[in-house]
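Pasting the structures here.
One chain, chain A, links the two complexes that follow: it is found with chain B in the first and with chain C in the second.
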Partner chain A sequence: MLKKTFPGLVVVAAAMFAYAPFMILDAPYESTMGLVQKIFYFHVPAGMTMFLAAFVSGVGSAVFLFTRKAWADRVGVAGAELAVVLGLIVLVTGPLWARKAWGVWWVWDPRVTSTFVMWMIFNAYLLLRRYGGPGSDKLAAAVALFGMANVPFVYWSVNVWRTLHPKTSVVPTLPAGLRGPFWFCVVAFLLISTLLIAVRAELEKRRQELDALYLASGE
Partner chain B sequence: MKTLKAMVPVIVAVLLLSGLASAQQPAPKAAPSAAQDGFVPVDSPIAPGDAIPAPRLVAIAYGFIWVVLFGYLWSVRSRLARVEREIEVVSRRVASGGK
Partner chain C sequence: MKGFLRAVWLVTRKDLLIETRTREIFFTTVFFALACVMVFAFGFVREGRPVQDAAAGILWIAIAFSGTLALGRAFERERQAETLRALLLSPIDRPALYVGKLLGILALLVAVEALVVPLVALMFQARMFDHALLMLGLLGAGTLGFAAVGTLFAAMLVRARSRDVMLPVLLYPITVPVIIAGVRGTAALLQPEADLPMARAWLAMLVFFDVVFVTLALWTFEPVMTE
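What follows is the complex of A and B.
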């Protein structure tokens, strides 16, 4: 199923990413930030899908910890790696926006800091998987649970603490001209993220099969 | 009890240090104009005399996103292809009796 639809869906995702800048250019400028606010259309969807990837990894890891199902472990790895990739996008595009809007590249603001911490947690997960040795899959799964638990703190940090970062009220109150391109980008990010999780989980499945083959061959 | 007494100066020192650290942290310099609660659209683009070139920042951001996302997709696909090849080799070796 995935093998048949994968190339087509990648083309659709690439087309959406190619068309998105035209929609974004057509969208009106934000009154206080001007052109640089247009980073928002990719920065926020990347953040939203990063949260989703963290949840996918956390739920997969929880299932793996309680049931030891191999598929759950694969989902955990795929989600964690995608959370790191999307986190990198968020943490790079955010400062590019901040440089203009706030006048600085980086501020140890609650939202920025908690996002950075969450990104580090998923990096720790991947490092554990890579270098942790036997049994590290279970330890890494526990780390993913902490990563997932961090998501609500990151999300509500802007409303609870004093911060420079735009609040969560921005997205639900988006004016009509800004709403269309934003949700188009969200769909594009959701599509590419789904594809990435699927193909990464498939890679992990094949690796497990390869390990089993090596064991069978006695190497 | 002795341990508790010994820990008191440590706890006091930690509290003092954390107080000092938070006192020394400079207040973030916010451009008061950056929208926090909601965005307001306008027709006119950029204020004249902008010191920081926004187009370059936006172009870097979008270019970076494209490179990272599709680069990651390419990386996963190539890792998958490598594993598939290795599976083929090992399967053949297992089938031929481990030689």
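What follows is the complex of A and C.
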């Protein structure tokens, strides 16, 4: 299924990302922020898909931890790597916007801080897998599971601690002209994320098979 | 249930017995906590007076840092003579083993805090005992949350490479809610007009965190510690 539809979907995703800048250019200027608001078309979808990738990784890790299914572990890695990459996009585009909108590069506001904390957790996951030695896939799975369980706590505690970021409620109340390009970008990010998770999980499968072959040929 | 409690007690007693004979982790951790307090005092004291909320922040940083050190040392001890393997082979439930180790670590951290908290109160003119019950609740719930996650991670890292640096890298992002709740709750108690509802809200969050993460740790200890 995946093998047949994959090339077509890649073309669609590439076309969507190629077309997105034109759509964003055509969208009307937001009344108070003007040009800087345009970064929002990539920043918000990247943030949304980052949390989705983290959730996928957490669920995959939980399944792996309790059932030992190898595919679940592969989904776990794929989700974690994607969460780190998308998190980097979010954490780079955010300050670029904040510099213009708030006058500073970085503010310790709830959404910024919780994104940063989540990003750190999935970096820890990858570090542990990379440098933890044999058996660290299981340990990393526990980290991802704890990281996922942690989201509401981080969010609540940072929220009480400070608040400044635009609320998520801006999304449903977007002016009509801004809504089209925004949801277009969300779909583009969702598509590319799904494809990346699928291809990364497949790559991990091949890698594991290759490892098994090496071990078998050494005996 | 009786067998479970007995296994927990045996594991805890073993750890406490070793510790009371050598006192190694206790003394090193206390002085490490003091070293933290000293270093941070240089950053947060202006003209002999601590900046606002410095005492709360320094106290919880000292607890988190020295707690990490104590966790690492407690499991390094189990690694050196492969005694962790012996514990895992023994016919007791994995959760009992986890709870036993957790109680041992908690006893150690409580002993360290019993010295460090009054010292921080004294050195930073912080009135930590005006609302002693709430303060004790914050310290107890915060330490339990930190130790519950820490014990699981330190135990599972025993066999991993670069575990010394991996423990804080894994532990701090996950225990961020504990640190925030501890620092903000303590700061709410220490400000000139103590904000009791705020401190209670943070305490409630800590208790909730403890319940969720102790359950999760009991649940994951078995699959994580099985080779």
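We adopt the following convention: the second predicted complex is superposed on the first by the 205 of 219 C-alpha atoms of A that agree within 3 Å, B and C clash if a C-alpha of one lies under 4 Å from a C-alpha of the other, contacts with A are read in each partner's own complex, and residues count from 1 in each chain.
Here is the rule we use: a residue touches a chain if its C-beta (ideal position, glycine included) is under 8 Å from a C-beta of that chain, and two chains touch if they have at least 3 such contacts.
Source: prediction; values computed, not measured.
In the superposed model, A:Pro175 makes contact with chain B only, not with chain C. Set against each other, chain B and chain C touch different numbers of residues in chain A, with B touching more. By the touch criterion stated above, A:Trp156 is placed in contact with chain C alone, chain B being left untouched. Of the two partner chains placed around the shared chain by superposition, neither chain B nor chain C is touched by A:Val187. Shared-chain residue A:Ala15: touches no atom of chain B or chain C. Taken in their complex, chain A has these residues touching chain B: 10, 14, 17, 21, 27-40, 42-43, 46, 85, 88-89, 92-93, 96-97, 99-104, 107-109, 163-167, 169-170, 173-175, 177-178, 192, 195-196, 199-200, 202-203, 206-207, 209-210, 213-214, 216-219. Looking at the complex, you find that chain B touches chain A at residues 25, 28-31, 33-47, 50, 52, 54-55, 57-58, 60-62, 64-66, 68-70, 72-73, 76-77, 79-80, 83-84, 86-87, 90-91, 93-94, 98.
Those residues of chain A whose C-beta lies close enough to touch chain C in the complex are 65-66, 68, 117, 120-121, 123-124, 127-128, 131-133, 135-136, 138-139, 142-143, 145-147, 149-150, 153-154, 156-158, 160-161. Within the complex formed with chain A, the residues of chain C that make contact are 149, 152-153, 156-157, 159-162, 166, 169-170, 172-174, 176-177, 180-181, 184, 201-202, 205, 208-209, 212-213, 216, 220, 223-224, 227.
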